[in-house]
Structures are given as C-alpha cells and as structure tokens.
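To start, the structure under review is shown below, and the notes come after it.
Letters A, B, C and D mark the chains in the order given here, with residues in each chain numbered from 1 onward.
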Amino acid sequence: MTAVPTLGVGMVGYAFMGAAHSQAWRSAARFFDVPLAPDMAVLCGRDAAAVTAAADKLGWRSTETDWKALLRRDDVGLVDVCTPGDTHAEIAIAALEAGKHVLCEKPLANSVDEARAMVAAAEQARARGVRSMVAFNYRRVPAVALARRLVEQGRIGQVRHVRASYLQDWIVDPEFPLVWRLQKEKAGSGALGDIGAHIVDMAQFVTGDRLTRVSALTETFVTERPLPARNNDTASSGLSASGSVERGPVTVDDAALFLGRFAGGAVATFEATRFANGRKNAIRLEINGSTGSLAFDFESMNELSFFDGTEDPSTAGFRRILVTEPTHPYVDAWWPPGHLLGYEHSFTHEVVDLLRDLAAGTDPTPSFADGLQVQLVLDAVVRSAEAGSGWQPIPSESAQEK
Amino acid sequence: MTAVPTLGVGMVGYAFMGAAHSQAWRSAARFFDVPLAPDMAVLCGRDAAAVTAAADKLGWRSTETDWKALLRRDDVGLVDVCTPGDTHAEIAIAALEAGKHVLCEKPLANSVDEARAMVAAAEQARARGVRSMVAFNYRRVPAVALARRLVEQGRIGQVRHVRASYLQDWIVDPEFPLVWRLQKEKAGSGALGDIGAHIVDMAQFVTGDRLTRVSALTETFVTERPLPARNNDTASSGLSASGSVERGPVTVDDAALFLGRFAGGAVATFEATRFANGRKNAIRLEINGSTGSLAFDFESMNELSFFDGTEDPSTAGFRRILVTEPTHPYVDAWWPPGHLLGYEHSFTHEVVDLLRDLAAGTDPTPSFADGLQVQLVLDAVVRSAEAGSGWQPIPSESAQEK
Amino acid sequence: MTAVPTLGVGMVGYAFMGAAHSQAWRSAARFFDVPLAPDMAVLCGRDAAAVTAAADKLGWRSTETDWKALLRRDDVGLVDVCTPGDTHAEIAIAALEAGKHVLCEKPLANSVDEARAMVAAAEQARARGVRSMVAFNYRRVPAVALARRLVEQGRIGQVRHVRASYLQDWIVDPEFPLVWRLQKEKAGSGALGDIGAHIVDMAQFVTGDRLTRVSALTETFVTERPLPARNNDTASSGLSASGSVERGPVTVDDAALFLGRFAGGAVATFEATRFANGRKNAIRLEINGSTGSLAFDFESMNELSFFDGTEDPSTAGFRRILVTEPTHPYVDAWWPPGHLLGYEHSFTHEVVDLLRDLAAGTDPTPSFADGLQVQLVLDAVVRSAEAGSGWQPIPSESAQEK
Amino acid sequence: MTAVPTLGVGMVGYAFMGAAHSQAWRSAARFFDVPLAPDMAVLCGRDAAAVTAAADKLGWRSTETDWKALLRRDDVGLVDVCTPGDTHAEIAIAALEAGKHVLCEKPLANSVDEARAMVAAAEQARARGVRSMVAFNYRRVPAVALARRLVEQGRIGQVRHVRASYLQDWIVDPEFPLVWRLQKEKAGSGALGDIGAHIVDMAQFVTGDRLTRVSALTETFVTERPLPARNNDTASSGLSASGSVERGPVTVDDAALFLGRFAGGAVATFEATRFANGRKNAIRLEINGSTGSLAFDFESMNELSFFDGTEDPSTAGFRRILVTEPTHPYVDAWWPPGHLLGYEHSFTHEVVDLLRDLAAGTDPTPSFADGLQVQLVLDAVVRSAEAGSGWQPIPSESAQEK
C-alpha cells in the first residue's frame, strides 16, 4: 500500500449517511486493492463540539465548521456531500468549481432546476479532469449488480415488466412526530424523494433502460402530527405550556404510487411508502423478460432469484442464488461463500469504484446526469399526481446517459 | 344423509371449469354436512358424443345438447353456467326466468350492459325465492377467507395499501397460437377479464371495501400470433398450404396495470399479466393496515402471512400461518393440521356455501350485483387506458353490495 | 368409460384413512384414464349404524359388519385395509387367500413376524395372479415422485447425505389424553411407526437405496397422561367420580431419532416426533449428492428444491420447482400450472397406479416386501435404542426389493 | 473518546480469521461506546515481508515475526490468537503467563489435554485480573443472541428437541486438493472441529444447557485427493514431473453426525459436513420447546423464526423476525430497521463485549472452560464413532460453566 497515492477526503455532514460513508472510507483499502488510498482528512459540521466528537468517533483527523473553509484546504481532493438535499447544489457546485471531485448523496437535489445546475457544473469540471458521482448505493449491493449483469448478458431477454416497491413502516403511528423529513420546505418530498428515488434508479440501472412516462398518485394518510420537541426537556413530542400536544401539518406525501413506461417497451408499477406495516426496508424489484425473470428483496439482500425460461419446464424454477460466490460482483474481496454481507458494504463498494475511476480517469456512475434523470422522473410523478394521474413525459436531457 | 332433500343440478359447459365444478358437486356432501344433497342430473353441451363422454367421465347421469331443453327439465333445480363469458347472460337470465337457481362462472358477463341485465333478472328472481351466485372461487380458499376474517375483526386496523397482482406466463412464447382467449370478440378482454377480475374481487372481498376510481394502462406485447390449427392434421398452429405459418392479430391485452382508490381511503396497485416468466398462478395480495398487514400468494395457497403491529417489536414479524387448523374457514371438514388442500377445494367450498344458502333461504355471495361491480371496475380500467390513464370513477349501482 | 371393466372394492375401516381412500376411489376415474373402473361395492365396520352412516357419507353402495363376510362377496375383487395396524395381518392374509387383491395401509403390521407372514401370503397369492400393495401414499406426491425421477436420472450424482424428519406437535400439551395411539399394545410404537415409517419409506424410495444399519434413541417426554373419557359425558379426559383426572402411563415413544447408513454409502439422520411445536406435518427430506441436491417439505408439498451443482456458480442456486407442470408425475390429469394439489391427491394417484398394475398384470409398488423392509428398519431402531444406541443391521430378506 | 483509556492489541496470524478480527478491532469504537479504545499495536507472522504487507493492508501499526517478542512488548495488553489450532495452547498459555489478556480463536485447541492446560492457565491468570475468551463468534450474531434471550425468558418453555446442522460444500469435488484442513496432524479433525464445534457451542449457548452424552458416526467420502501444489508453478494441484497428479490420503472426517442428550432432558441431532451440495454456510438450529419453537439459518442470518405455542391457533405461525430492531441485541449501534448486518459484525460484537468485560473486571464468555467443554463433546464424538456409535458421556469438568 506504500506505493499508492492518497486522496484527501473531506466530508460534509455526519448523521446516518455520514456514518455509513465513514465506514466505507475506512474499509475500502482494507479489503480491496485500490489505486488511491483515501485519507480521511476532514469532517465538516456547523457545531464545533458536535463535529469534533463525531470526527473522533468516526475516524476523521480534523474538523471544519464552514464547508467553504473545507473547500480551500489543500489536503482535500474529494468532497463527500452527506447533508440534507436542500444544500447539495450549493456545496457540490462550489466544490467542483474549486477543483475537488465530488461524491454527492441522493437525491441529487430537491428540485430539477438545482439538479440541472449541478449537471452543468459537473460537465464543466469534467473538462478539467474533476469528476462527480451521485450516491445511489443500492447499485453496489452484489445481488443488484448481478441482476444488472444478467440482464446485460441477455439472460432474461427483452424486458416486459418491472415491478418495483420500497416499503417501510416507520411513520405508521399517527403520534410519530412531525420531523423535518415530513416537511416539504426541508425534504422536498416525502416517500417519493427519500425512497422512491432509489427504486427509480435501481429499476433503470438493472434494466439498462429509462422511464419515458409516468402516471401517478400520491397520498398523505396522516395529515397532522405532533410537533417534535424543541429541546431535551420533552422527550419526543412538543408539549405546549398547557400540556396538550401541539400539532402541525404534514406537507409531504406518505406514499407515492405510479405506473411507468420504459423506452424499450416495458411497463412498470412503482410504489414507495412509509406505511407498509411490518415492512422495514423492503426494496423489491421483479423484472420479467421474454426468456426469464429476476426478483430481489433488500430484506434478503444477499439473495437474487432468477428464473431461466429456456430450461426444461420439468426442472425450471426460481433459483435462490446466494450472492456470495467469488465470481459475484465485489464478493471476492470479502469472505468465503455463504458468509453474508450487510447494508454498509454497498457504500464500501461505491467508494472503491469511485477511487478506481478517479485513478483511471474514467467517469464514475451514476453520474450527476443520472441523478438529474431520476429527479426528472420524480418531478413527472408530482406533476402527474397533481394533474389527475394523466401521463407525464420524462424529458431526455442528457447525452451522458445510457 | 337419507333425510336430506336433493337438489338437481344441470351444468352447461364441461371444459376446465366444468371439471372443477363437477369435482365440487361430487365432493361437497362427502366431506361437509349439507342440508341439500346435490344430484348431478344433467350435463349439457352441443356435441352429443362429446357431452356423453364427458358426462361419463365427470359423473353426470344424463345429457342434453340444448341448454333450453335443460331448463325445461323438472329434475333440475339449479343451473351451473360454465360456458365462455359471451353466453353467460342469455343462459343465466333464461334459467332464472325458468325458476332455476343459478351459479355462474366469472366474469359475470363480457360487458357491463349484459351484467346489468343479469342483475335485474337476479333481483326479479330473488323476489320469487330463486337465487344466484357468481363463482369467484378464490374467496373460498381458506387462507383468503381467513384474511377476510382478520380484516373484519380489526386485526390490521384501517386499510392503507392494497397491492394485488395476478401473474401467469403461458403466452410468453410469441409462437404460442392465437387461441380464442386472445380474440376480443370471444373473450371480451385478455388478462384483464380473465385474471384481473379475480384480484379485483379478492381485494374488495378481503378489505370489505370497494374501488371508487382507477387509473390504468393496458399493453399487448405480442401483436400477431400463429393461427391455431383448424383440425387435427396440423398439431398446434395453422400451417398454410404452402407450409408457412399464417398469423392473425391479437386483439386483447396481454397485461393490464392500474392504480386504484378505495372508498375507505386505501390506495392500490393492480397488475394482471400472462407475461410474468416463471410465475404460473401467482395471485398475490398484500394489505397494509394501520395496525397490521396481511400477505397471500396462491402459489403457496395454504399459507397466510400476518403481521401484528401491536406486538412488542422485539418479537414482531410476519407469521406464516399454515391455514390447516380446524378453527380455520372450511378446514374442519377435511384433514388434520398440516395436510394441505388444493385448488379444487375452493370450488367445493363454494358449492357447500351455496347449498347452505339455498336451504336457509339466504342470499349467496358473491351476488350478481357483486359480479356487476367487478365488471364496472374492468370497464373503468379499459376506459382509463384508452383515455391516457386519467382517473375513471366506478359507479355505485347496487344497494346489495357491502 | 363404458368399455372399461369394473373392479369391486371392499374397504375395511372408515376413519381418517377410510375417508382419504374413499375420495381416491371416487376420484380416480374422474381425472385419469384407468383401465379398470372402481366400483365402491362395500364398506365394512363393526357397528352397523355407524358403518351405514359412513357408507352414505363416503359413497359406498352397501355395508358389512364382519370383514369375513366381505371376503365372501363375489362383487369384491379388491380389499382395502384401513384398520389399525394390529389387524392388518389377519385381514390381509385372509383376503389374499380368498383371491382378493389387497391394498393395505401402512405400517404393514405391528411386528416383523406379522409382516413376514404377510409377505409370504402375498408371494403365494401372486403366483395365482392376486396382487398386493402397501399404502405409503407420500411416494405419490408429485414432488416426491419428481425427486425420485431426478435421482434416477443421475441429476444429483452419488448420494452422500440423507436428512429426513417428520415433525408434528399434536401431543405437545401434557394434558392431551392417553388415546390409543399412545398405548403400545394397540399402536405397536409411537411416533416411530406412525410417522417414522413414512420417512424411512420415502428416503429409500427417493434414493432408490436401502438402509443397512441404524443407531437410535427414543424418548418419551410426557410419561403419564389423562385417561380419555369412556363416553360422551366427559368431554375429552377421564374424570373420576371424585372429579380428579385419572392418569395412565404412556407406553410408546414420543420421539425417535436415528443415524443410518445406506447400502450405497450415504449417511443419514432421521427424526420422527410429535413434540415439534409449530410443525404440523413437516415431512422434510434433503438429499445431498455428489453433483446436486434435493429438498422437500410436505408443508409446501407442491414444491421441490433442486440444486444443480454442475451449473456455473454465478447463477447456481436452489430452484423452487413448482411441481404443477404437465410434464411432472401425475399432474397432467389435473389443472393448469400453478393450480396446486393437496394431501388427498396422493391417494388418488396411489389408486390409479394400482388399477393400472392390476389391469396390466404387473406388480404394484410398494410391495408387501417393501413394507416388511420398513418394518425391519423400525425394529432395528427399537433394538438399537434399547441397546445403548449401538448399530443394528437391517437384514435383507426379500428378493423382490429394488 | 479522548477520555477513554486504550488497550494495545497484538494479533498473531492474519489469514481469514485475522482479516475478520482486524475489521472488528477497527470498527468497535466507531459504532459502539466502548470503555477501552483498542490500539491495533502489532501484527505477528513468521514471514517478515508478508506480515508487513498484511499489517499495512489490515491497519496494524507495527509487526513482529516472533510471537514471543510480541508478548514482551509493553504496548500490548491483549493477545488475539488467530493461528491454526495446533499452536493455540502454547501461545495462549504464554500470553496469559505474561499477563496479557487473551482472545483465542476456536476450537480452543486440537486436543482435550491442551484445552485443559489452557483452562488451568486461564484460571491462574484470572486470579491476577488477566482474562480470556474463546472466539465462538456466532453467539454474537443478533438473531442468535435474540434466540438465547427468548429461551432465557421462557418463551419456548422446556426444551425438548435440538436440531443442529452446519452444511457446507467446498470439498464436494473429488479433485479439490488435499489442503492442510484435510490432514489430521495439522487440523485435528475435519468438519467436526472446524464447523461442528460451532454448532455444539451455539446449541449449548442458546439452550443454556449442556450435552451430557453423544452417539456418533463420522465419514470420509473421498479418501484420496490430489496433493496441493508446493509452489506457484502449478496452479492448484500437485502435478508430478511426469504430469500425473500425485495423491495423498485424506485423514480427517468429511462429515460427522451425532445424536445427543442434554442435561435438561432434550434430545438432539447434530450434523457437520462439507459435502452438502449447494449449502454454502448453512448453520441451522431449530429448537422445539414445550410452549414454542425457534429456528435459525445463517444463510438468512438477519432473521429468526419464532413460534409462540401459547397463541390462538387461528393466528399462530412461525414469525419471521427481522432482527434489525433497536431493541435487538447489538443492533442499536448500527443502522435503522431493515438495514441488514453481515458476517463480520459478529466479530465486532465479540470485541465490544470483551472490551466491556475487561473494563468492568467481569469474566468474558465464552470462557476457556466453555471452549474445553466443546472440546470434550468433540472428543466424545470421535470416541463414539470409533466404538460403534455407543453412547459416550461428556464429563463435567468445570465449575465455571452455566
């Protein structure tokens, strides 16, 4: 490893995604042969005490409280944007202009306009050898990457059906408080952008195709919720002086459902919800092709179901492929067959692929243009839902896409 | 059994459904205590030799070649209509007018107008004590009946999501011939009416609620197929004199996908297709409620998955209920726990429930009005698909529905 | 069907197995083309009123109260023995001597000596064209028959491991009464003979091999249970005059576990228990061969899991074969793919195979010799358990076996 | 973290287990609040160049080529023994005598005598505050720890049945070379010690009970294998000068099967094999108790199946508990519900528990005495297999055990 050049990483934000990315930066070179060794140079957050504690905990060797200061540092070659979506555009564009590579959490932005500006910045930066990637981590789950490989190899033929859902249940209790994720001005949208974005990207990635039209509905089942407590005195909900619980309006969707059509002729159903009682992180994708089918559920993320329709019907059946063989994507860096990987490994794989692209001077995927394309789908979903579920086209804006 | 009065049954049609119904009529009194003993009096079909052979095979004691003759027979108290959908209305209405009870296969009719006429006839007949039932047999699968019971008992709370699909793959091969089920003038519609009707009924039955609006798309993936052979000389496809295969246009949908809204506030996705490679008869229904969830797949028809959201999260999980306990619907007539039932048992249960209603003078369900309501949903699906997937309302025509 | 000769059937016993066999006799010719049409001539039981009621219910056209009278009837060509095991030998031997074919429920007998006498009688009868079969019905579950076919075709190579268990839970409650099945003088043994016999036969059938040695333990967890009520006054347990519950000793095994070695070199574990809480009828068989594996669980009886070890590891995996294709054993007589079969279908298949053998003059399987061989295994299990689990050989007595 | 004292760790060995342990030492303080911060001080291996490369890769800050030198270092407070079993005793005993805490990979030793010596050393060291732990990592899989908790809480009542198997398939090909794991002098035993040890420990841990007797068989299916290549010239098997493959004898078991009895009255089957085609790391444990059951399969390691026999039979069923809730063991340090953990997390949990015990001055488990007890079971298995499968008692040697 001594001969490998290092890449200084500066990360902005250190909540859920920050913890996942930190583990990825720490682990990448421990398991994979990477051509660039990540140096966890600096962690950035607004609260000096909190960011220092986080840096200690997560393994970053210094801190900043202003992301602009981070951009000025010479020991930072890549900026990892883990903040909420409303700050992605500003930070990522400035970082690219400062000549830093950028890894940006999904969704790329909270609006199409921001996403377009980010794509423009990414394309300009690219001309100077500065690269960017949007962090749709589920592409790097080995079973999902294997699904993509099988489709690419023609193992299921022409894609006819896509059936995608992302099911969670964490706000099924109407007394769950009105956290920022349930407020439109901060989160942009609800289930749609938070989890719907993932299945849109995953479905397009695995099929190698793109959605051209959607017809959608969105729904908010619980329209008012207790305000979260403003401080630690009141545990999890906002009690007023009189002791009654103050409530505020939920301004985002609880669920988004849509039909879709792909360029290649496939038809699709998509569903993103946080009200699927008992489903914790059920990212499900089933694809039926003219000669076979694939099915995946993240709650069994080390498995891929594959039906080969060209087999003798007497022994044909969905195969439960345990995606832990050395011939499977990413797996040979880890453990022997049957020793499962977990959620955070997808981030390690993402970072490894990014490091390899940076060293090779190739374009990482998914690109910001891919992120914009997902944003255009989400935007069409919102417009269709507002307009009585009529079909809304997805514009094709970018030459960079598949 | 000696003291039990008999009910003479006359069945019209003897293909797939005829075989299933025959087994039901033969078995009902062998396992259940029924207040009316079915007498398999007469089987009706146009080809005298064929219907005689079928009657021998299936256990009917006489035959007719004209269904009108069957209606004149005194030894027939109930007419079981197992013909294709385009003849349902004429036969069922005439039978009701002749004072015969009617069991009619689904879909009730090929059009809403026919279905309305059948409902009118059924209501007039009912005033004279003559009763009718439409044969949505899947309601009588014990796991489906248990699901209905649990919803009714409030075990999953208020229904939020319905996720229904009926997946088959028997025409995935483009060389599969253009059978009558792929021709609109005979079949009315494709996957929509044939299998979509079942999941519409099942979803409404289990939730105890009704669809009020749909937004739909339909698709025909293979638009031209080989003509079927006209006689036995050429096995399964129509070879012309020159040896080339003649083809004709597929005039029905291969798949129908739609979003729906229920009166009670639930949102839904529905999908019916014959192009889901590897899925043979996957009737899947998942319902998420405010306090629990249910999931069913007919390919594991003796199981119901139930999530009770009121349990301690440390031990909560989807339970695989093996629906073979004596306390489960219909099961105590059969075998000990763990000894599975099959497809045809649903028909036996249907016939048993019908016999009990007839003896008690109560109204069998699903009624013709329920059948009409399903037809109205299918009709709205077609109209929405034709009109750019905008929402189409489902009229509420009948006071008899739940 | 008019041209088909009939075979008069006389059945002795009409409890659980009687009901299952009746449905088989009623259904065989309705679904299969059989060369002999069964005529359900006579049902035999000791209580005249009860047997008459049962005959009405189950569809037999006459009754006898003495099985010896049944043997004298000219309209009976086959005797179906559905009584408890302690009467099998006497009835079956007399029937064979009377020139009647015999279908005998399993286990063949309660002792090896009785089984040997039955084999001798069967062999003598066979010389006169009179045939016999022991009713290990699970061989005729399509998934089990398919497993046998795949092993025979060499699809899993040389068998290395057999892992068989039969798990039930119906006596897990210590207050469950001391029914006859828990008394040695009547039942012969407990879980061992009742359900262990099935997995011994199934494992030998599917592998096409035979056990040569066993090392065993047996256990009785609940050694004393309430006496069952003698009449209907006290519902399910024996209350004494003073109101306290009288108890008696359980004299059979609650569970039997054994290791085994097959002639072909495979090693095996077997387990039969009625104390596996939550397992209702879990007959599980997994076989690992040098090039593949098979797994089956009766609680999902329409499925067979098959691993083909010769495939590319990247797409290898256990396939869930839904055993409902027309190319699967027995299936083409029934419904389209994906329409499941149930428990009782195994008996229909058994009867169909038997009718075909009788018409063709071929030997039905499993033969009485096969039944004896299972009995010898059970006997060796008992001896090993009594002798500190040392290995006990299984004698090879019969030339008729595979 | 600044206030937390550090613990210098020295690890001996850096193959499969070394990589897993390194990830654990690196990750423990990043996710958990630990009272001692591990300092990855030194990695030890015989080959200077190789150990330096490994230290770089795995994140150790210095190296040694002699484990005795490692024991003399002041910056080492704990020795982590990841070498093959034949060196465990020597290194661990010396480390304990040098006042270093010891974490030792399983199996504790290759013989009972060595294990006894290690227990004696551990007990002497303990008197001086020096502690030891054997690394049965599967105890720290959250689903396994939850299973233990449920048994402890009485949720399944009295344990009746234990059904344990550890199934792999990596030597099913007879051309797989004769690696050291297949040679008795190096590995001690085959499947028995390598993987059988894990299920013995897991079954005893989850039940909270101990095996008192076993009756066993062992089998070697492939008795001769190609010698592995001695150098890199010949890829994976030993070609002689003449080009023919040289073969050597396999001197360990390919599979070990045994029956067992627990102190508390449960009966058990155990099976460890490397010949279960298609099973990659299937560690299966099913436990049936008087009021419930538990089932686990490591190939779905984030799930635990639980049957609660006290529930209404109409809704009872095995629940698939997704063991990713914050109330589940170890989980709250990681990700939200439904975001799965992998194999290596078990090692992180092991290290965290150990650090907490060391800081608190409490005894880590499993102790060396627990490791000895497993060794005594394995030894009894070997003796029983050699002596015709008669029962062999497991001596109870240690007061420290549960």
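Quick notes on this structure:
FYI, a residue touches a chain if its C-beta (ideal position, glycine included) is under 8 Å from a C-beta of that chain, and two chains touch if they have at least 3 such contacts.
Treat the numbers as computed from the prediction; the structure is a model and nothing was measured.
Chains that touch both subunit C and subunit D: A, B.
Of all chains, the one whose mean C-alpha position sits at the greatest distance from that of subunit B is D. Spacing of subunit A relative to subunit C, judged by their CA centroids, is 55 angstrom. With centres taken as mean Cα positions, subunit C sits 36 Å from subunit B.
Centroids of subunit A and subunit B (each the mean of its C-alpha atoms) stand 42 Å apart. Residues of subunit D in contact with two or more other chains: 279, 316-318, 322.
Subunit A makes touch with subunit C in their complex at residues 146, 150, 155, 306, 308, 312-322, 325, 327-328. Interface residues of subunit C facing subunit D in the complex, by the touch rule stated above, are 156, 160-161, 163, 165, 167, 169, 172, 174, 215-217, 219, 221, 255, 257-259, 261, 265, 267-269, 271, 273, 275-279, 286, 288-293, 307, 309, 316-318, 388-391. Those residues of subunit B that touch subunit C in the shared complex are 1-2, 16, 19-20, 22-23, 26-27, 29-31, 53, 56-59, 168, 170, 279-282, 298-302, 322, 324, 335-345.
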